Amino acid sequence: MAVEMAVTLGSLRLKNPVMLASGCCGYGLDMESYLDLNRLGGACLKGLSVAGSEGNPPPRIWETQGGMINAIGLQNVGTRRFIEEKAPRLRGYDTAFVANFYGHTVEEYVEAARQLDAEPCLAALEMNISCPNIQEGGIHFGTDPAMVHAVTKACREVMRKPLWVKLSPNASDVVAVARAAEEAGADALTCINTMPAMAIDVERREFRIWNKIGGLSGPALRPIAIRIVYQVSRAVKIPVVGIGGVATANDAIEFLLAGAKAVQVGTALFADPQCPYSILDGIEAYCERHGFLSVEALIGQIKDPGPRPGCHE
Amino acid sequence: MGVGPYTVRSNVRRGPYATITVEGRVEPSKPGQFYMVRGDWGADPLLGRPLSILSDDPSQGVLRFLLKIFGEGSRRLHELEPGQKVHALGPLGRPFPRGAAERGGKPALVGGGVGVPPLVYLAEAFAREGRSFSFLQGARTKDDLVCLEELAALGVQPEVTTEDGSEGERGLVTAPLKRAIEMGAPVVYACGPEGMLKAVAALCRGRVPSYLSLEARMACGYGVCLGCVVPVVRDGVRSYERVCQEGPVFEGEVVEWP
Amino acid sequence: MAVEMAVTLGSLRLKNPVMLASGCCGYGLDMESYLDLNRLGGACLKGLSVAGSEGNPPPRIWETQGGMINAIGLQNVGTRRFIEEKAPRLRGYDTAFVANFYGHTVEEYVEAARQLDAEPCLAALEMNISCPNIQEGGIHFGTDPAMVHAVTKACREVMRKPLWVKLSPNASDVVAVARAAEEAGADALTCINTMPAMAIDVERREFRIWNKIGGLSGPALRPIAIRIVYQVSRAVKIPVVGIGGVATANDAIEFLLAGAKAVQVGTALFADPQCPYSILDGIEAYCERHGFLSVEALIGQIKDPGPRPGCHE
Amino acid sequence: MGVGPYTVRSNVRRGPYATITVEGRVEPSKPGQFYMVRGDWGADPLLGRPLSILSDDPSQGVLRFLLKIFGEGSRRLHELEPGQKVHALGPLGRPFPRGAAERGGKPALVGGGVGVPPLVYLAEAFAREGRSFSFLQGARTKDDLVCLEELAALGVQPEVTTEDGSEGERGLVTAPLKRAIEMGAPVVYACGPEGMLKAVAALCRGRVPSYLSLEARMACGYGVCLGCVVPVVRDGVRSYERVCQEGPVFEGEVVEWP
């Protein structure tokens, strides 16, 4: 029995549901020695901005129990140099490259979206909204449905490619943010970005990370991400891409059953750059074992007993 | 590039130090390169730990590291028992450049603590090629001297300095290094604690090219996370470079110290 | 050098900064075989409501990487039976018992607060606001500053004992929630409760937890908790109590340096009910090694380089 | 109550099964009690795993478990090597009540899979006291029969049923149990998979008291988390009771099956 691995996210068809996560595979090219990108569903590239960024001073990372904190500071070469220097080398691949982009104002988002939309090697754009809005006193875009609506709409208007919006877990009502993005024209939602976190070196009494606060990623985050994928995928009609702590096929299947149409692998690549292969093999074997003819048939297929209003403690 | 399951062949412990030999498919490497090493455990610790190659033998599929307990990750590696599985990714990073060593004179190899292993590997390469060189090892105290057996096996007599005078010359490794430079060392290769590297860079600046192998916290070790950067200045332009990719070996002249 | 271990939270003095967390030590009594409660700073008891609760059906717990999910459903005997049956056995202790309480309406909170406030064995009350407000369509109290203000104020008015408010990490702006509680008269803030989370049994395609969603606790959560303690303790004047993944002395010291006046130990008790002893010993040794004459001298003593506006990725 | 560091003395593996002996301070226990057991690793896995006491010897400070690999936690315990540290908390829970066994006749001990160890411990106690009893072990297939050596050492001849007939009687353990009840067993003690316990409870209901040792996911094992509850009905009143505290042994009559 051959399992149909392809999944469809709106107008975009991925050859399988396993992608690389933004910030965890550079511009794709650095993965070449380890992975045949053409075997993957796709890869989300390091977050880009119009101006580029040299990133934060070190230390930028710290490992925690079951996870890690990073504050890279979105180091990137800028959209222009990306298009000139990196994109040409991506054009030969037969996989879906998704450019992740951000800004500090709506205008910066729109300009990045406009430039990247014109780049033929990209299958879609993924908007990172876990950034401070410097016009609104530094509130993070992603925590506020109204700001998410505004920035999504503004970008959608200047683009032709599919627009994915990547949600932050740090929102009181992530479903409201998801709905705002959908209403404003998002084509898919990526759930989730990292959770703001901190660690302290008690011997030196110093922050472990230059930026004090960084983003928590890895397996520690997965139960939060699964919950959000489940909540969001039931609340919107557009496809959801699951991300957060995927390291094994079982992890990926958890996301698919919860309602994600595809998954992205981030932190797990650091310990094992080839884990996407075993994830793919495992998903296929699972489908065979459980009689699913396609990955699509699996999506959202958790047996759901309906509303459960109990308390969390 | 090896992304492999390896098996611990032996783990010889001496206090906080351990010489760990693993077996598996080993790709050819050069002195100064490293592996990301992780035990076959759960998600805590999550990431590999960068360890310099002490020696390897691709034909026999053997790889050796010298490890010192620092925190939790190295403590867990220190406890590995023969037969246990480990994951190792490598060889990674740029090796010590050899060009300057061609110029004649005796290159000076300067190591301290867990910075010694890559220099032992370099010494082995020089010895194999029949080049002469000087090997300086600095430590706080006698017990922190490492790889003495390996050096003896190579026929290398390290010049030892200890801060407390418990072995060799009392003081810092910069003293014999100064003499080595005065004696015409064409190039200095160094790896060790930040303070040592900084002093080596200062001493060499303007006199002799120095190549320093830096340490940085690493998540991936192969260039994708941008977690391991250090500020460098090249042609007056400051930027962040990745220790795992542009390094771990940098010219002393370009490194911007904290 | 004898280190002064006592800490003062408003009018309440704890003999040391290590407490047991609510829901992780029953009504205190179940810990007796393992711990001398009199050696601890205090213990927060299992969440109480006026009506009591039989709790959720099993399965109620699931282990995740570096953490666990629980949805006990706040099983409790109710305030009345607590006062009649449990409290008398707590009266002989020389430690600070804190009753944790909750409701599904403001009135339920107020009634629980009123009853517990009259119980002499209690040193303070801790309000759990991570519960759905059934009058407001099930929105969790803790995510909304206005609701937190209202419920805090209402309880404060009927009480004499110190009122602690226990914040949820699941708020877009946890600082706004903290300020609302402070303004409404809270005497201290406990940071943090569990994070909503989910896990799926992929072989059976079933939720791991009857309630589908449960609360994530344990070391996985600690970096999030440290960040929140740091943010909140800098924003309010009332004391902050740190909680989330404390298992070792270093973990506790991280919280104290971040700004917590005391810590609570929850999930770590499950694997080692005696870990509070080693935490206490470790804090004392740390103070000696670093020349702190008292734990109070340590609080908030992270070397802070000031604002760091970098991005989290 | 022991909250102790223990050291693995031996770990004898047979396929997915392992008989693990640990040494440390051991408090006296009774058959049916268990320990929460955890290796000396990081935060993944985080919690101890409940394991029934197979046998112990407080005077020698020795404790034995029979373990089967189920998921990640038991896989890690299966891999423990002699000399490694483990944490164990116990003895925990209420043992098999012995009152009904005094009434004369041969109590029936019914076990399946990793439910067998506590019954071996009970059999050992009965054997020491010179009481006769019958021991029934059910399994899917021959390879899933456990503790045969331990039983032989006690001089116990278990009545074996396997579903595939690969050893002993073909069928379910309820067949010989029915005969044992007909022969006048005054009480039934059982531990095993849920299906087996449910069938045992049904068979015993109204005829003979049954004591079933239940399984449940546990976080603490000592009563504080309320994670391990099962619904029970006593005097018509339904409530949740803790498997770790009110159990793991419950009267068959009170258990409400899913």
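Every chain is named by a letter (A, B, C and D) in the order it is written, and numbering of its residues begins at 1.
FYI, a residue touches a chain if its C-beta (ideal position, glycine included) is under 8 Å from a C-beta of that chain, and two chains touch if they have at least 3 such contacts.
Only a predicted model underlies this, so the values are computations on that prediction, with no experimental measurement involved.
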item: Intersection of contact partners for chain A and chain B; value: C, D
item: Chain of greatest Cα-centre distance to chain A; value: D
item: Whole-Å gap between the CA centroids of chain A and chain C; value: 32
item: Chain centre separation in whole Å, for chain D relative to chain C (CA means); value: 36
item: Approximate Å spacing (C-alpha centroids) for the pair chain B, chain C; value: 46
item: Chain B: positions in contact with at least two other chains; value: 42-45
item: Per-residue multi-chain contacts in chain C, two or more chains; value: 23, 65-67, 70, 72, 219-220
item: Topology of the chain contact graph, where touching chains are joined (line, ring, star, complete, other); value: complete
item: Residue ranges of chain A touching chain B (in the complex, touch as defined); value: 23-26, 30-31, 33-34, 46, 54-55, 57-63, 65-68, 70, 72, 75, 218-220, 247, 267, 269-274
item: Chain B to chain C touching residues, read off their complex; value: 42-44
item: Footprint of chain C on chain A - complex, ascending; value: 22-23, 47, 53, 56, 64-67, 69-74, 102, 128, 130-132, 138-139, 143-144, 170-173, 193-200, 202, 204-207, 210-216, 219-224, 226-227, 230, 245, 250, 253-254, 257-258, 286, 301-305, 308-313
item: Touching residues on chain B, where the partner in the complex is chain A; value: 1, 3, 36, 38, 43-48, 73, 87, 89, 216-231, 239-240, 245
item: Parts of chain B lying in touch with chain D, wherever the complex brings them together; value: 41-45, 72, 76, 81
